[in-house]
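In what follows, subunit A forms one complex with subunit B and a second complex with subunit C.
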Partner chain A sequence: MSRPPVYRPSMRGWWQRHPAYRRYLLREGSSALLAAYALWLLAGLVSLAAGEAAYERWRELHGNPWVFGVHLAALLAALYHAVTWFRLLPLTLPALRWGGRRITDRTLVRGAWLTYVALSVGVWLYLLGGVR
Partner chain B sequence: MKRSHEPPLWLLFGAGGLLAALLGPALILLTGVVVPVAAERGVEVLGYEATRELLARPLVGVLLALSLGVVLWHAAHRIYHTLRDLGMRAGQGVWWACYGSAAIGTLVAIGAVIALW
Partner chain C sequence: MSEPAKITLEVQRYHPEQDSGPRWQRYTVPYTAEMSVLEGLQYIKDHLDGSLTFRWSCRMAICGSCGCMIDGEPELACHVFLRDYAPGPVRVAALDHFPIQRDLVIDHSDFLEKLETVHSYLIPAEERTPADGTHRQTPQAMADYYDYAQCINCLLCYAACPQYGWHPDFAGPAALALLQRYNLDDRDGGHRLRERVIDAEQGVWGCTLVGYCSEVCPKGVDPARAINQNKAGSAARYLLGWWRPGRRRGEDRE
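Coming up: the complex of A and B.
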């Protein structure tokens, strides 16, 4: 296991020292809500396999104000995650070329958002189309 | 020096992060907001028969299970490293709790999908 650098006592409270550090924690924290949502879908999948009664109970739970509230929070977290993920995308990829010219970071981020819109619309049409 | 197994972990993390960014908001809006709001108006969205028929298609089911898996993996990676950033003495135990639960979640998802066939 590769070990991150040792945490020193002088680092204590580092997130209080700069707004960017707090945004960093917020971004990392968004993954907890994404995980909660993934586990919720997993519960739905398991109840679907268990049968109609279990699945309908899972579906009815969405009307519970607490469940609804957590979904709204997860939606905000997912949007924040998407914004930060696409913004960092150019840093995580090697320089891409198209016809001998380097694709600029701006183009890459725009391309990611276009893909996001296309996939969002596609998934909605597919799921609602398959359902109706 | 011991070889690091961080690169494959990071690839799974990256796949989960990309997927969550591309599809997360649309899916949460659909299953978490549209389903209950429609139900209140007497409209059934993602009903049992249709959803079962949809997810019993091997390609759709397996893709969903693997997607859930990589998103769980993504979260496990971020949570583990953030706990360390916050000064927690996270050793092997926490490592296994994070990544192990993501792996178990993936296996459960695959099992549930296979049970639909």
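Coming up: the complex of A and C.
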């Protein structure tokens, strides 16, 4: 006897089905702006290699309100992406113990943020020292 | 005595011998505060429409057979109450991402086949016989995998996984969580065998950490963690494989 046919649901409009899916898309989408910013920096580097005139032209572009707007959007996207990235970080680690006690996700996320801030401040100080 | 409160349930129906696709059917059901959605379905079957088909057994979130989509969320029908959806209409549909056999009954044979491939049983690290007695471990060692051992195979996590919806080859949350349950057991020696499942494209790399699976799990299993705990190790094995070409493509494995 043949089995009656099953109905196979489609994935059409999948992201409309739950806010968790839309949050996921936002998280992944924010990395597109980060990539765009990396390309922008790369363009700066290329123009620097091309000579002073090209580099100055690249710098002048920053006065354009559109370019400024995209930079602002990229900054917000970077912050959002960082928040989600750090929040997911504990999921990628094995259960860590300290003195027999399990280190909580919260401690891990805080530790990661602290390390990030410390490194950023370090880089800033180094750059400021270099300018002087 | 006053009339009992009523709630409307909109239930997904599919009878393959007459329907080309699912349709919705409305039922009005009297309910009391302690009635679960599953009891609402049972009321329909007993009093309104005997042709409604759904799975259930334990009625207490243990057997894992009553999973369905309730107002778009994967839930155990016995684990949520009608009162929280009153006056309705509350939509009850078959679990997302699975082929539907009839009404709320899905075909879960794909998951059962996957479960067979992940070696989710203890492979003792050292040879033992029953004469050696109980295979004991410390409470701390057990704590490492305890959460993953709570899985009841209800498949809510698969219904919450768009990657599984797109790529039914993906081993998926519960199968990989059960794999990790045995990998983390300090009495177990089956890592090598399970690495093949982990490192495959349909293994942990099928996951993009949407993370919704862990939110819907009624047992606190956290399959997203079980999967992503494996990515660093899997990436390291891949890179080492390039570095030591003789070890690539699993030549060193039996």
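We take it that the second predicted complex is superposed on the first by the 115 of 132 C-alpha atoms of A that agree within 3 Å, B and C clash if a C-alpha of one lies under 4 Å from a C-alpha of the other, contacts with A are read in each partner's own complex, and residues count from 1 in each chain.
Here is the rule we go by: a residue touches a chain if its C-beta (ideal position, glycine included) is under 8 Å from a C-beta of that chain, and two chains touch if they have at least 3 such contacts.
Since the model is a prediction, treat every value here as computed from it, not as a measurement.
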item: Touched partner set for A:92, first subunit B, second subunit C, both or neither; value: both
item: Which superposed partner A:45 touches (first subunit B, second subunit C, both, neither); value: first
item: First (subunit B), second (subunit C), both or neither touched by A:103; value: neither
item: First, second, both or neither for A:26, with subunit B first and subunit C second; value: neither
item: Residue contacts with subunit A in the superposition, subunit B compared against subunit C; value: B
item: Touching partner for A:11 - first (subunit B), second (subunit C), both, neither; value: both
item: Residues on subunit A lying within both footprints (that of subunit B and that of subunit C); value: 4, 7, 11, 14, 28, 92
item: Contact set on subunit C toward subunit A in their complex; value: 14, 16-17, 21-22, 72-73, 96-102, 107, 140, 143-144, 160, 162, 165-166, 208-212, 215, 222, 224-225, 228-229, 231-232
item: Sites on subunit A touched by subunit B in the complex; value: 1-2, 4, 7, 11-12, 14-15, 25, 28-29, 31-32, 34-35, 37-39, 41-42, 44-46, 48-49, 52, 55-56, 59-60, 62-63, 67-68, 71-72, 74-75, 78-79, 81-82, 85-86, 92, 112, 115-116, 119-121, 123-124, 127-128, 130-132
item: In the complex with subunit C, residue positions of subunit A that touch it; value: 4-9, 11, 14, 17-18, 20-21, 24, 28, 88, 90-95, 100, 102
item: Parts of subunit B lying in touch with subunit A, wherever the complex brings them together; value: 4-6, 14, 17-18, 20-33, 35-36, 39-40, 45-48, 50-55, 64-65, 68, 71-72, 74-79, 81-82, 84-87, 89, 92, 95, 105, 108-109, 112-113, 115-116
